[in-house]
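Paired with chain B in one complex and with chain C in the other, chain A is shared by the two complexes that follow.
For the complex of A and B:
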């Protein structure tokens, strides 16, 4: 599973990292710095894809932020206006009821306590929200009182609201505790007796009822609705700012009939503040209705959306980078493979050209040597003949022996020059009739001395029944030379090399070259046909031998396979068509 | 049996002629193609042993000319350029090719072979 995962990661890892430095191959590469090409490709593609994504995301953020802000403002403004209208209506309704009572009843009627109680009862019944009712003369003396508190005969001359009550025809006070030591609001209506003196009808508003009205506008936990006076003192309890009569840090609002919304902070937390001055048609109250919303709570939906956007953008970025890395790796890999193949072909061409010119030179040399060799051969033969045909020296073994050594040396030189010339011919692409057994023998003759010195047992088992092949003898020879060379390098002293040929069917022969050498490790086995893979680092192996062999076998229309066990030996099996098709050589 | 040896390598054919004589085969020698044509006009040979690569007339051209003079004449080619199987289109299968340096016993064997079959 882990291996599978690691191997799947390879699609993101370019092949050129595995490249082994080969100084022969380097000059033929079109691109020298594949690492740079790969990173630049990823960088440029990623930049092209990610910059627009980031810009669009930022613009989207700003747009949403703006629309959320404006939506919040609008909602706060609406809520503030509605709550203000309710509170104003609450006060105006009770004030109007009081005005109506004064106008209808008259002073004499009102100072009758029994009647006043009756009036309070009717008012409570009709409107509610009133807790007591009293009549006060110009001197501040309470003439009549109806209500639950024992306030009969109290004097209000020194109370701040009394002065205001005398001054204004209609008056609504702030919340204060007064004699009853409970928070309450006073509504007062100034009127004139028959004798022209002034009296005040005062009613106390039930603050509980007011608070209920405010609370009914609380549509969520994060909304705080309360009243403050012009000095920022709380007139009703607030969730954010504290209990009633607490002095808040709310800035002094400028009087306006309109509802206004502003941004502020409450204990360091950003809040949206909506405020509106409460006034009726007849009187201006000291109250300001304030709606406070913590922005963070209100922004919850937007924050959740933003988180979703962030996740989507994040995953998109990762996907884009992955796809770009995959695409870049794929493209650079293809480029590298093509470049590599080109470089190898160029190198092979160069090597072939070098080999060809060396071959031509060798052929020339061999030809030139053959003529003097022929002269030595015949002259020495003649001398030998002279002695052989003369009776007096016929039995002189020493002379015959010496001449024989000359002839043998000439013969050996002749064999070498013939083989040299044989190899030159491998560059001509020509199909010829080839005897497999002879080609194997030719190739092995190069290693004759080596096998003798090292005690390597070479066995050739190619039956004479195998028909002559029609193939490119030069290529076949090269294949055999490479495989036999490898086998000789692999085996130690007293090792074995077996070459076994057999005919599989009328069209195919099989040749097995097996040795008892060091074998090939499993890792290396997968790579041996790759060009420039060599385990012979110290021995200056080019790593081309087996890849050329592989290519040549394919060119001859055959197949090559290898089986190897480390420490036991290696066996190469080649199958070749007996008669090669012309097109296969092209 | 009479044969003619043609090669610009004078010492080579001189020695070869002497050795063949020792083995009972009479061989004339010619160092150039022209000389060989001249000699074959005077004498009828059974076999001509020709070097392929010679200055002036090459072994192949010489074969054509000598065949014109004597259609019965058999040819053995000797070459310093590698072993048997030269890829020269002018050579035909019935001709015999031998590589230098030459094994005299092999040459004699071939001479007898072609004169018998011919």
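For the complex of A and C:
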């Protein structure tokens, strides 16, 4: 399960991280820094995808914020305006009732206590909210009184409302406690007696009724509706600002008949404030109706929506990044694979090129060597002839023997140059029926003298049951020459060289060439098939032998593997098809 | 003109000279030409008195195959052995087509040459 998970992560992790640097391939790569390519691809793609997303999200936020704000304003304005109209109507209604009473009844009627009680009863019945009624003369003396409090004979001369009442025809006071120690509002109507002196009909409004009216507009728990006076003192209790008569920090409002909405803060919390001055057609009241909404509470729905948007955006960002990483990894991987294949092909081409030019060089060398060899041959032959045909030295066997060995050496050189030429002409394809045993014997014959001289034990074990092969005998011979040469160079005196052939199946044979030589170190083992790798630099090795052999075996459609232990020996195992396919030689 | 057993056309002077000497030691007469033109000129003159021609392919003036063509034009009956240090398979095929008697790679074994000469003498009798 865990493994499965980790392997599924690989689609996001590029292959080139585990690249083993092959120094020969490096120059052929089109891109050198895949890490950079990968990160840049992810970075650029992610930026192109994410920046518009972020911008759109921000714009969306702002739009919603704006519409929420204007919606809030509108609703507050409507509420304030409605509540104001109610309160104004409440006041106007009662004031008008008093005006009507004064105009209808006249002074004489009003100072009759019994009648005043009757009038209060009727007013209470008709409008409610009125707690008492009194008639006050110019001197502030209460002439008549109807109501629950015993206020008979009180003088109001020093009360602030009295002065106002005298000055204005109609008057509505702020909320105050007065003699009765209860918050109330005074409504006063000034009138003139028949004798021309002034009197005032005063009614007291209890705030209870007014507060009920206000409360009826509280549509939600976040809304606070209250009245303040011009000095910012609360005239009704407020949820946010405190109890009645608390001085608030509400800024003084400029008088306007219109309802206005503004943004403010209440104890550091942003609020939306709607306010409206309460006035009737006949009188201006000291009241300002205020609607206060805590913005945070009203924004709850919007905040919830924003959280949803945030989640959606967050998940989208993760998805985009994942998809981009996957796509980048896929593309860069493909690019890397293609580049790798290209580099390998180019390296191979370069190696082929090198081999071809070495081949041409070898051909030239072979050509040039052959002529002097022929001269040596003929000269040595002539010297031999001189001895053979002139009687006096004919029997000097030693000289003849030495000359014979020169001639033999020339023969061997000739053979080698012929082989070299044959090898250079790799493209001359000659498929012939060949007997493996015979080819091995031919190759070993070149080393017959050497093995005798150095005491190397050569064993050949190739059963006669192995069928004749149909292959390029020149190439096969060359493979064997190279491997046997190597073995001879590796073994010391009394060493062994075994050549063992066997048939694996109807189509394949196997040939093992093993020696008890010096072996190949592990480091070198990895490189022996690379052209120009040689450990025999001091012995003029070209580093081409095994590389060529490897190529030849591949051309014959076979495989070659090598096992070696330093100091113990080396064994090369070649498998070859018995019948070569034409196309494999092409 | 004394009968010539073998005409050697080879630009490798030392080789040709040595070979000629060795042939001489074996009681046969040989002549040497060091380039194609001299060779052809010689043959034109003495085409009746030569048994065998040894011809190198790489000559300084004319390529061996052309010399061979020239020889065959003069006298197709004279056996020509191509003796070369570096003949390719293609050369061999071409020379055989042109009517070469043999195609031999250097180095040349004198005894083999003498045997071949003997065989030619036998067949021409």
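The rule is short, and it goes like this: the second predicted complex is superposed on the first by the 348 of 586 C-alpha atoms of A that agree within 3 Å, B and C clash if a C-alpha of one lies under 4 Å from a C-alpha of the other, contacts with A are read in each partner's own complex, and residues count from 1 in each chain.
Keep this in mind: contacts are C-beta pairs under 8 Å (C-beta built on N, C-alpha and C of every residue); 3 or more make two chains touch, one makes a residue touch a chain.
What you are looking at is a predicted structure, and each value in this text was computed from that prediction instead of being measured.
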Which superposed partner A:385 touches (first chain B, second chain C, both, neither): both
Of chain B and chain C, the chain that contacts the larger number of chain A residues: B
Touching partner for A:432 - first (chain B), second (chain C), both, neither: first
Which of chain B and chain C A:237 touches, first, second, both or neither: neither
Which of chain B and chain C A:270 touches, first, second, both or neither: neither
Contacts on chain A seen with chain B and repeated with chain C across the two complexes: 363, 366-367, 370-371, 373-375, 377-379, 381-382, 385, 389, 410-411, 414, 418, 421, 425, 428
Chain A - residues contacting chain B, complex: 363, 366-368, 370-371, 373-379, 381-382, 385, 389, 410-411, 413-414, 418, 421-422, 424-425, 428, 430, 432
Touching residues (chain side chain A, partner chain C) in the complex: 363, 366-367, 370-371, 373-375, 377-379, 381-382, 385-386, 389, 410-411, 414, 418, 421, 425, 428
Residues of chain B touching chain A in the complex: 9, 11-12, 15-16, 18-19, 22, 53, 80-83, 85, 87, 99-102, 104
Residues of chain C that touch chain A when the two form their complex: 12, 14-15, 18-19, 21-22, 25-26, 85-86, 88-89, 105-108, 110
